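Let me begin by handing over the structure; questions about it come next.
Note that the chains are named A, B, C and D in the order they appear, and that numbering of residues resets to 1 at the start of each chain.
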Amino acid sequence: MLVVMKAQATPEQVQAVCDHIEQLGFRAHPMPGAQRTAIGVTGNQGEVDRGNIEELSGVAEVIRVSKPYKLASRDVKEEDTIIRFEGTDAQIGGRSLAIVAGPCSIESREQAFAIAEQVAKAGAQFFRGGAYKPRTSPYAFQGLGVEALKIMAEIRDQFGLRIITEAIDNETLELVAEWADVIQIGARNMQNFSLLKHAGRLRKPVLLKRGMSATLDEFLMAAEYIMSEGNYEVILCERGVRTFADHTRNTLDLSIVPAVQRLSHLPILVDPSHGTGKRNKVLPMARAAVAVGADGVLVEVHHQPEKALSDGPQSIYPEQFVTMMNEIEQIAPVVHRTLPRGIHVESTTGVHDGRK
Amino acid sequence: MLVVMKAQATPEQVQAVCDHIEQLGFRAHPMPGAQRTAIGVTGNQGEVDRGNIEELSGVAEVIRVSKPYKLASRDVKEEDTIIRFEGTDAQIGGRSLAIVAGPCSIESREQAFAIAEQVAKAGAQFFRGGAYKPRTSPYAFQGLGVEALKIMAEIRDQFGLRIITEAIDNETLELVAEWADVIQIGARNMQNFSLLKHAGRLRKPVLLKRGMSATLDEFLMAAEYIMSEGNYEVILCERGVRTFADHTRNTLDLSIVPAVQRLSHLPILVDPSHGTGKRNKVLPMARAAVAVGADGVLVEVHHQPEKALSDGPQSIYPEQFVTMMNEIEQIAPVVHRTLPRGIHVESTTGVHDGRK
Amino acid sequence: MLVVMKAQATPEQVQAVCDHIEQLGFRAHPMPGAQRTAIGVTGNQGEVDRGNIEELSGVAEVIRVSKPYKLASRDVKEEDTIIRFEGTDAQIGGRSLAIVAGPCSIESREQAFAIAEQVAKAGAQFFRGGAYKPRTSPYAFQGLGVEALKIMAEIRDQFGLRIITEAIDNETLELVAEWADVIQIGARNMQNFSLLKHAGRLRKPVLLKRGMSATLDEFLMAAEYIMSEGNYEVILCERGVRTFADHTRNTLDLSIVPAVQRLSHLPILVDPSHGTGKRNKVLPMARAAVAVGADGVLVEVHHQPEKALSDGPQSIYPEQFVTMMNEIEQIAPVVHRTLPRGIHVESTTGVHDGRK
Amino acid sequence: MLVVMKAQATPEQVQAVCDHIEQLGFRAHPMPGAQRTAIGVTGNQGEVDRGNIEELSGVAEVIRVSKPYKLASRDVKEEDTIIRFEGTDAQIGGRSLAIVAGPCSIESREQAFAIAEQVAKAGAQFFRGGAYKPRTSPYAFQGLGVEALKIMAEIRDQFGLRIITEAIDNETLELVAEWADVIQIGARNMQNFSLLKHAGRLRKPVLLKRGMSATLDEFLMAAEYIMSEGNYEVILCERGVRTFADHTRNTLDLSIVPAVQRLSHLPILVDPSHGTGKRNKVLPMARAAVAVGADGVLVEVHHQPEKALSDGPQSIYPEQFVTMMNEIEQIAPVVHRTLPRGIHVESTTGVHDGRK
């Protein structure tokens, strides 16, 4: 922490601030400058409330220095985290791109299987579909619940796809952890700390979406909540932030990908479907996400988006998904990645290969 | 809903869009203009996915018209909602201003009582204090839990103050509902729809804080979630939104007060403590909140803010609270309000009057 | 400036950064901490490019400390600046509130006089009206130009009102300086540095509106541009910033008023008309502006807003202006201000008093 | 335009609104709905002030429909605009990517030539360098002015590179137009309408940067200002917008590229240097810009960024520029583009080829 004194602060005021800092159990390092004095503070654990010092006389400003996250930081673990899925060659993080595709909501067994078949055939390794939907309106479709979870488990059996689905509270968390391979925590729950802590006690990977107005620090702190409870398999996901810009539903902030990669060892995906809210912008932004260096993308695919019960307008058609895969595959080598096509499952039930 | 066609759209394209709308079960009203045709859509319940229509050929844009909230709207109930507290003269909404004061967190019985005594003496009718704290860092103080709830219940008995405290998940919701008079749902949980629905099934007033990047519509939709389950006693609270501006922790958006009052019958308070994050801006913004027409303010008060376990820098001193009350009292008549001083409790335990 | 090293930075890296700093002619103050080392930099004039240091190996972050403005700062001048208008009792800054009122655009002599008469009668001391209009569309009404300036000069002669009007480029700046009492620089030109410098060479007060996305520092730096050329009479004006919120045209950021007052000696007004863009929010926000401690307000008034050539929807009626003045007058004493009613001009042409 | 009535509006109120609309010379189309009535308005030229109607009794909301830009719109011109540079094979727009590179500021003949040589060798066709710098602080380096323009003209002669440099007011506009090939108008001047109009009267291409908080509509309207004066050669440039996110200097909004391409025929470049403000994010975002479909990129290159007089931290090294070109070249075919390497000038002075 750094305390900046006013230009006209007296030596007595500087001394009083130093005394205050020392009383709090920290060390004060006064540095007289040409215009004003600054005081460095060391020994704190990132939890000194800067505002109190800001109110002392002669103080102009207090600046926080230490980053409050630890387990999520490269300071603690330098090498990239790679999430692996037992019995398969699928992974999130590392050299191979992770492609997650599927409908916004599971609407029926037929719909889910129709889409799963197509995305598996095009080479996706992960299937996403909502069982519990956080909807802005209480009158909107809220998801099929456990029925949807069971449908997705069947999809895993049938196509080998690993399943990612959202938990919206501590109750659904248990169910999702039971049936799915990755638990998604949505943007609106990024600072639902109770949910984060409960997820941290499980031993299932968690896909954590960035909150609509979360800073990089807050995003990593939310990951830290999960990790502080012992679950280190956290996957970050950029899905657009809220700004004044009105040509897309959210503003997809792709620069957070290299920013996360500089500070943290956790993998980061990009969701261009929620990030733009418009079908005609999903492919361009998916290409950009891979080009910027993301560990993969998460897209909504629907075979009949005009009949979708939620998020139809941002869902791409299966044939667009095929195009997207082809485009991404061409960009991958530029960022030293490969695009696996289809999942290989080592098991008595045989090898699943989306392409066959 | 309104569908705007491109300037060069053909009559066939216009017809195709009308047919599509009618097939969805709605009525289409084409309106040819000088430059382009627009098509009005009626009969929808606010749940047509506009994006699908946006993708039809010849369509330039689709604009949503109907507001999706109903119970929170003045369309359904024109007169202002006033929340009353049985056995007392305290109320939120209506002519008398509601003043909610207390520490960010309950830290100990001594601290809570010391502050409660002072705010009661200065005339507050409501006491706030955190039992469960949603903190950005998992390593920060998380609140005393049930112990804090019990301390606040004692404060109600002793000073007559009505108690407002935050629930952070479905588990704590039950406890808060048992011990407190008003359940607070924090900004980070404004779109925790599971929590909103559970709160809607209770019969206790709910203070709902605006999310950090919530639009007016989303804010009212969150209230609608609670109301749609049968709990109509919702109190809104503006607490600052996230913007690029860095001179305050959040940007307090006072214009939402008249905006809410135009659209909704629900009362709205303002929290200048979280709204600015800086002690020296709390009094100016509290005065402004009353001047703009808010139904009251919610402020953090601490007798030793430099030792507070959370939010010390934005907590005002008890003597500043006295000043604030005096300033507010002078502004109140301009907005046709009165400032009650102290709470009157009708009961065998006698009349509580903060001023005595 | 403060350089924060990474947790795993080696002593050699710390030394290399210190050497680099010293080579740039500054002094380095290394401060080893529990987790990491920070290095204070003194002797700089606020112009070290922090990014270069950020790229040195072992560096985590570089934080700027010194504020770059000087003349606008209370560090240089502690007492409040008060702008006085020779031969009158009008002032901006200090104890008396400055009320600026008038139409968005001067549309005709009749329109301007009709409005001027009413605002003068209600007690305004300053008249505003656009001669040159910065309009988003090239096809919209662009103002009457010099003709409007002459009409406003007549209004000064007739009613004693001091005239404030906007200059939009270096050419119009000369004309505005010749005819008006205060030169307005609009939000869109807040960082038109060429215009700021030219305005700094004049000896007329300048009303500088905050840019739509200007931080406090940038706002004060824009004032510094004017002052650095020798014109110290700068009046700041908050007029709303751009955010995601869509219930008002802009989000009026009232907290900047106490923030400016803490850092700078310059007076600050608030414009609730542009700040909200909606007539029904002007009075509430004008009251709030005075309550928060602003030095005055600037409002658009039109006798026939439904026929106004620009900004009709946000212009209040003359009778609303009277109400506003009465409400403000009641709030003024709470913030130790008075509301002068009408302007007193010492001159052979007699005393102007808006009330007579 | 669409007028939405309140749910409880009476038939008389609906009629009164229709009458008002007709009196203004437009046509009213009432559409009774299940919940409320909406009234379509046709015949307007996009300039009805919606606010006045919003104030009529019974009106809930007024929604603007027609886009106010015409010349910049695909409605007027469907095919993409391509800017060509006489006597060369360079172009902006169309199949070949335009790469603009150079230092933030021209600091000396030596510096400019050193950088120009390297970017030409790596294959750039356009050279950028500031002669007049809009700096936030009046005490910062403001550019070499005409001297810089002359240095860049020499660079054109020597390397064949076409020159892009910024004009900051009407005076420098004339000079820039005389010496350069493309006139840049910076983000801070995007709504300096006087400058836009003057640029519109010239017959030189204009590179228009998006303002820090400009919406898509405002961006296109600024282009319209230039075009409305007869200059149709406008190149748009995304350079980041201002948001709450603090990990980059601005948030680069790549989704505006497909959004512009849907609505307008004008070419659009991306500036990842200003868009991020950090060297280590320039290459990832340049790759993403090409992948999303931009017509080219504009980057700051400096051979000694640690000594640069401005924007050093965001300038890449010449060897990074080479890497960037190689990466972009690999991505180009995915978006049906080619990357020309070096410029070919048809002239008596021979063929310039950056690679030779």
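The criterion applied here is as follows: contacts are C-beta pairs under 8 Å (C-beta built on N, C-alpha and C of every residue); 3 or more make two chains touch, one makes a residue touch a chain.
Everything numeric in this text was worked out from a predicted model, so none of it was measured.
Trainee: Quick check: more C-beta contact pairs in A-D or B-D?
Mentor: A-D
Trainee: If you average the CA coordinates per chain, which chain's centre is most distant from that of chain D?
Mentor: B
Trainee: Round to the nearest whole Å and give the separation of the Cα centres of chain A and chain B.
Mentor: 28
Trainee: Suppose each chain is reduced to the average of its Cα coordinates; what separation in Å results between chain B and chain D?
Mentor: The separation of the two C-alpha centroids amounts to 40 Å.
Trainee: Hey, how far is the Cα centre of chain A from the one of chain D, in Å?
Mentor: Chain centroid spacing, chain A to chain D, equals 31 Å.
Trainee: Going by the contact rule already set, what residues in chain C reach two or more other chains?
Mentor: Correct list: 45, 213, 242-244, 280.
Trainee: Going by the contact rule set out above, which residues of chain D touch chain B in the complex?
Mentor: 2, 4, 6-8, 29, 31-36, 38, 40, 42-43, 45, 60-61, 63, 65-67, 73, 75, 78, 242-244
Trainee: Quick one: which bits of chain A touch chain B in the complex? Just the residue numbers, please.
Mentor: Answer in residue numbers: 45-47, 49-52, 54-55, 68-69, 134-140, 168-172, 188-189, 191-195, 197, 212-213, 218, 221, 224-225, 228-229, 242, 277-280, 305-306, 308, 310-314.
Trainee: Quick one: in the complex, what on chain B touches chain C?
Mentor: 213, 215-216, 241, 243-248, 251-259, 262, 275-276, 280-281, 284-285, 287-293, 327, 330-331, 333-335
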